[in-house]
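First chain written, first letter: the chains are A, B, C and D, and each begins at residue 1.
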Amino acid sequence: GCGNGKTSGSSATKQTAFKAGEVTDVGGVDDKSFNQSAWEGLKSFAKDNNLKVGTGVKYLQSTQASDYSPNLNTMVHQNFNVVYGIGFLMQSDVQKIAEQNPKAHLGIIDAVAVDKNNKPLKNVASITFKEQQGSFLVGVVAGLTTKTNKVGFVGGINGALIKKFENGFKAGVKAVNPKADIYVQYAGAFDAPDKGAAIAQTFYTKGADIIYSAAGATGNGVFTEAKNRTKSGKKVWVIGVDKDQHDQGLPENVTLTSMVKRVDKAIYDVTKQAKAGKFPGGKVLEYGLEQNGVGIAPTTENVSKKALDAVSGYKKKIIDGSITVPTTDKEYKEYLANLK
Amino acid sequence: MSIFEVLTIIIPSTLLTAAPLIFTSLGGVFSERSGVVNIGLEGLMSVGAFTAAISTLALEHSGFGDASPWIAILIAAIAGGLFSLIHAVVSISFRADQTVSGVALNFLAAGLTIFLVKMIYEGKGQTPYITHNIDKISIPGLSKIPFIGPIFFQQVTYTSYLAILVSVLVWFIIFKTPFGLRLRSVGEHPAAADTLGINVSRMRYIGVALSGVFGGIGGAVYLVTITSNYSVSTIAGQGFLALAALVFGKWHPIGAMGASLFFGFAQALSITSQQIPYLDRLPSVIMLTAPYVLTLIVLTGFVGRAEAPKADGVPYIKGQR
Amino acid sequence: MIGFLKKINWMTLLIPIVSVILGLLCGAVIMLIIGYNPLLAYQSIVESIFLQPYYGGETIRAMIPLVLAGLAVAFAFRTGLFNIGVEGQLMVGWLASVACAIIFGHLPRVLLLPMSIIAGGAAGALWGYIPGLLKAKFKVHEVISTIMMNYIALYTTAYIIKNFLYHEGERTPTIPASASLASNFLANLTQGSRLHWGFIVVIIAVIAMWYILWKTTKGYELRAVGFSPDASKYAGMNVSRNIVLSLTISGIFAGLGGAMEGLGTYQYMTINSAFTGIGFNGIAVALLGLNSPIGVVFAGALFAGLQTGGLTMQSVAGVPVELIQIIIALIIFFVGSSYVIKWAIERLSRKGHKK
Amino acid sequence: MSYAIEMRHIRKEFPGIVANDDITLQVEEGEIHALFGENGAGKSTLMNVLFGLYQPDQGEIYVHGKKAVIHDPNDATRLGIGMVHQHFMLIDKFTVAENIVLGKEPKKHGLLDMAKAVKIVKELSEKYGLDVDPNQKVEDITVGMQQRVEILKTLYRGSDILIFDEPTAVLTPLEIQELIVIMKRLVKEGKSIILITHKLKEIFEACDRCTVIRRGKNIDSVAISDTNPSELASMMVGRKVNVQVNDAPYEPKEKVLEVDHLTVLDSRKVNVIKELNLTVHGGEILGIAGVDGNGQTELIEAIAGLRKVKNGRIKINGQDVTNQKTRKIIEAGLGYIPEDRQKHGLVLDFSIGENMVLQTYYKKPYAQLGILQNKVITKKAKQLIQEFDVRTPSEKTLARSLSGGNQQKVIVAREVDRSPELLIAAQPTRGLDIGAIEFIHGKLIDEKKKGKAVLLVSFELDEILRLSDRIAVIYEGNIIDIVNPKETDENELGLLMAGRKKGGNQA
């Protein structure tokens, strides 16, 4: 196996081969969401750089929140050249380990690591995404595809992060279809497919024909419900999140499109810079449409030509700044006011 | 939304959520009626769900198509039954405290299932998704009945009706057959049963094994109708809820079914209410906690005192006074 | 204390030890079957916990809430009640301690820290008091009511954080340093682990439980009511009040466990969408510790050690962490089957004598 | 001639004790054979061996002259042996019929045929004159009826050899008489019976022969016609038994307990005590005689504050304690030896020492400022164990592991030692052997001599007659008469208990 981690301190000696690692949250590396995406980034980096999976790139899974810190610490002490904490839940653990080991290089997804004075920590790369931008685009697709003029949004836990998805989506729908009704509900959990299914059932029964789910495994319930409906002859759609969820919609083919969040790409980029000795410590990297960090899924077979055209139009406007996609409820209100 | 529309959402959703709870709590009825407390229902559901996931995947892979989830439920029943034998051996033959054994059973199931998933799927922490679920359907004919049809017979799964039918069957077995009489006698007064030549240990083994079978079915139904894949968070508290339903239902099969339906209803309401005018103004926390608060309120007033079988939880040691 | 040592029944000590050994052996067998190296795995656990101060510190840190949760379960058990609600009591305790620390952040440390700890205990007490009251007044089975209270705690704490104490990252703000149990001294001692002063609270709690139950008249009453409510009633004790009291005290232990997480380990509370698991682990810890305060400490140590060491086992020997859970389950089974183990030990020792 | 049952040289050891040591028992066909011996002599053990619940370490069993190996109750049943256990083996929540047919249920298409079961039970009960209601739940019927259910269970299984293990300990005098009639009828039907009892009177009324065992050993077998009660008693104890009599002069002092127009409801909200008046003075033993179920239990519970009083007053030492908390009443001077010693009298999982202070643990000197004074408690316990001759290895022993007689001694010791003004003793000697009974009787008389008031409730007329200074007869929740024991006899009491007042009027 790899080193026994007996070395203390954080003297990141460069004699050993380059190593990059990630600490997953309780979902593990196959959560069909960002843990998995991150791991795919590391794996493809390994492939391109002849590193061995399991030693050169490696992950440690946490089984509870209190494991984050020891897992991060273990990797740092095993002299990994860069260690990622996946998810904003690990923010404070990453900050603490970074402060204790100033020479170690860490990365954090979906959060900005700061010190006590709210200054970015010099040895942490903070990777965030403009989910609102990608969500806006799938909102455009939804707004143009709905036949009932009713669409739904299912969120995991109601918080700043998922609000970006919600408001971006709503803004996109309204941009192309101002009259559309948008139902919004949060399940209160990222791992409650039963609740996801129940919410989807409510939305579909109320007449929605497209639901965008930004709810992790809770979204699986949305898929189940959509498939059931479709099988019994009422065609409805789901919009996936994080990855291209086209396959999960099969065989009933209920995935309209997905909002992809390229955690893999970001991780790959940062790891590459780290290997080249240009670790972007202290920087806040924002991955938006411009960086291809978010966007709509490559599978577009269910999306109409018209919608695709609209998407590329809006994409340009967002990138050139002529449209600012709202992230919070307040911004969304202002955005709506401006639309009129 | 009109009341009618609300009902067409809430009732089917109630039935869907309740089915796994019904099966599992019926399992609890068997075990506890025979005098063995079963805190391990949660673990038995995990085993059932896990087994259902891997066997549905294997079956659909070998071309069993829509029959896959149904066969998987049967396999899960067997797996649950076998797994529950650990509880039986430890708590009946080895005279362990039944609570201790049940708690250990939950731990073992949680660890073992994920461990096995990792072994089977090369390190992954969860199974792939099954493609052949047991679907929500409209029951031909019945769903056409005006008013009643759309509420009770549309967007439902056969498993929900099966669960209700099985509760009646279990009631029949427990209260109308010699087997049931003996099972209950062992849970009430094992020494008395013993003097009448009833093999106490054997009856209790059967009770526990049946709880495994039903718990396994409960977990499997949850998987093939609701979640579609197995991970750590698939079974997260449903077993404890089934346990609560069992006590709430006063250790009676029909009571357990009623309590399960009540839990299902409360949960469906908590979700749907956010789309119902006026109810949507309530802070979400009120609706989210409603099922649990309501249960507490109901237990304080209306259903009266729940009394467990007299020898529930008491190991039987032959010849001991 | 010497009197205490004299009272030890060697068999009661031997059984958990044998159980642990058997559990580990079974774990080794599983590893061998699957193709892992059990020696390497166990070596990594032992080495990390005993030779690397960081993991040693983390083990003790993990013990703190576990032991308190275990005491909560054990205390209720001793008085004839099964508290499955430790999980919820711990959550509300966690939130209350953090909220207190934040709201009264301007107060000096000598006031703020004890206040925050007490707030945690008090919230836990309230969460135990309710099922206690329901049982005493309405005969609601505590197993159901505590399960229900768990869910209520889960959603209520999340709601309160979300609406009144929100900080980005789905959590509360960080508590002021004046309310923190964290310590640079302890951290430096253990190469940066999160070990904090909470262990002192644990020591006090362990002694308190022992003292309350066996040295005070209240404890006498609680145990009497636990063993025989009928006889206690005939002897003039107030059974209802003792049930309420028992679950309330149990809740205090649990709430303190939450406070330790809030003031020590994390310095904040996240919005939980699922249970922390500490409360449920507490049930196992109590059972493993045979519901005695000292036993709970040892069981908590074992549990915490396996969990923390399990992380290194994962990283060094590649063994999935779930194996630790399996081993723990097996150990509990063995402890539960003490009757058979006792029988086996007696047989073996008799054979030994004959030779 | 072959015996119905012959047990030869039976030996049965339990860890640390030889319960049966070379016991031989011969029961002739068609006789009622008494098995007589102290508590713990090994009677139940021997019968459990016969019934297949225990396996003997040595010895042989012959049934109707044929050698039998009895592995379990099924074997015993097959051989025609039925047993009515010392502690009833009935399932409270089942009906009478369900209890009887359990394990050998009549079936129809594989389902329970309860209608048939009820019919069978009715037929059986008519045939043997054992009156029961097949459809009632066992928890709702009297102890006497429960006993009949137990007998029917054996008859239903076709037993012709019946074992009765202390059947009369829980019965009222009337029920005992009935049982004796039933037994005699059964013998006439060709059954053989083994009867275990501690009451010599019953042996002489019902039995043909008697086997006496002591400390696990055979002492002798005698024909009843060839012996007399005092001979049997000394055979059993191994020494001469002194019968305690209440010979202290009757000098009543001030009123200690005053019950005035008391009305109490039972759990079904029916008046079980109606306008009851009763006074007990210091320096007297007042016996309450009555058939079980006439309100004795409720009366005591009401006095002790364990049951709500609907109407009326209760005073102890002049202090009004109506509907007060039990603790207050205890502090006002109540001592209480409850009927159900294991459920109400002791915390079985507490040590003897802890049980000795069950009501006083919070008081000086047993506690100071809420802290238990364990040394004081231990010292007290040791003293009481000595004084009351409790047979136990130490005061740390759990009450659970004591024998019934010794458990009762612990309770008596505790209550008497507190020296309460009013001591209520409910069935204080139920199921105890003669030695223990005399001991406890002596203690009750001592209390009276000290000037305390003793309220004795017992179904044993003998006990009541021997100990009481006055006897109050309770009938349907009321005291229908108070009689002087010197001027009455069992016959008169029996009539009163059945509700007939002197002069033959129906009350």
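Please note the rule applied: contacts are C-beta pairs under 8 Å (C-beta built on N, C-alpha and C of every residue); 3 or more make two chains touch, one makes a residue touch a chain.
This one's a predicted model, so the numbers in the text were calculated from it and none came from an experiment.
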Which chains does chain A share as contact partners with chain D? B, C
If you average the CA atoms of chain B and of chain C, how far apart do the two points sit, in angstrom? 28
Roughly how many whole angstrom separate the Cα centroids of chain C and chain D? 47
Separation of chain B from chain D, taking each centre as the mean of its C-alpha atoms, in whole Å: 46
Between chain A and chain C, tell me the centre distance in angstrom, where each centre is the average of that chain's C-alpha atoms. 35
Two or more other chains touching the same residue: where does that happen in chain A? 61, 63, 188, 191
Each of the following residues of chain B touches two or more other chains, namely 123, 233, 236, 284, 288
Could you list each pair of chains that touch one another? A-B, A-C, B-C, B-D, C-D
In the complex, go through chain C and note every residue touching chain A. 40, 44, 47-48, 52, 54-55, 58, 62, 155, 158, 162, 168-170, 174, 187, 191-194, 265-268, 270-271, 273-274, 276-277, 308, 311-312, 314-318, 321-322
Applying the document's contact rule, which stretches of chain A touch chain B when the two form their complex? 26-31, 61, 63, 183, 185-188, 191, 193-195, 197-199, 201-203, 205-206, 217, 220-221, 223-225, 227-228, 231-232, 248, 250-251
With touch defined as at the start, can you tell me which chain C residues reach chain D in the complex? 214-221, 223-224, 227-228, 230-238
Using the touch rule from the top, collect the residues of chain B that touch chain A in their complex. 1, 5, 8-9, 12-13, 16-17, 121, 123-126, 129, 131, 133, 135-138, 155, 222, 226-229, 231-233, 236, 267-268, 271-272, 274-275, 284, 288
Of chain D, residues touching chain C in the complex: 304, 306, 325-330, 336, 338, 343-350, 354, 358-359, 361-362, 367, 370-372, 374
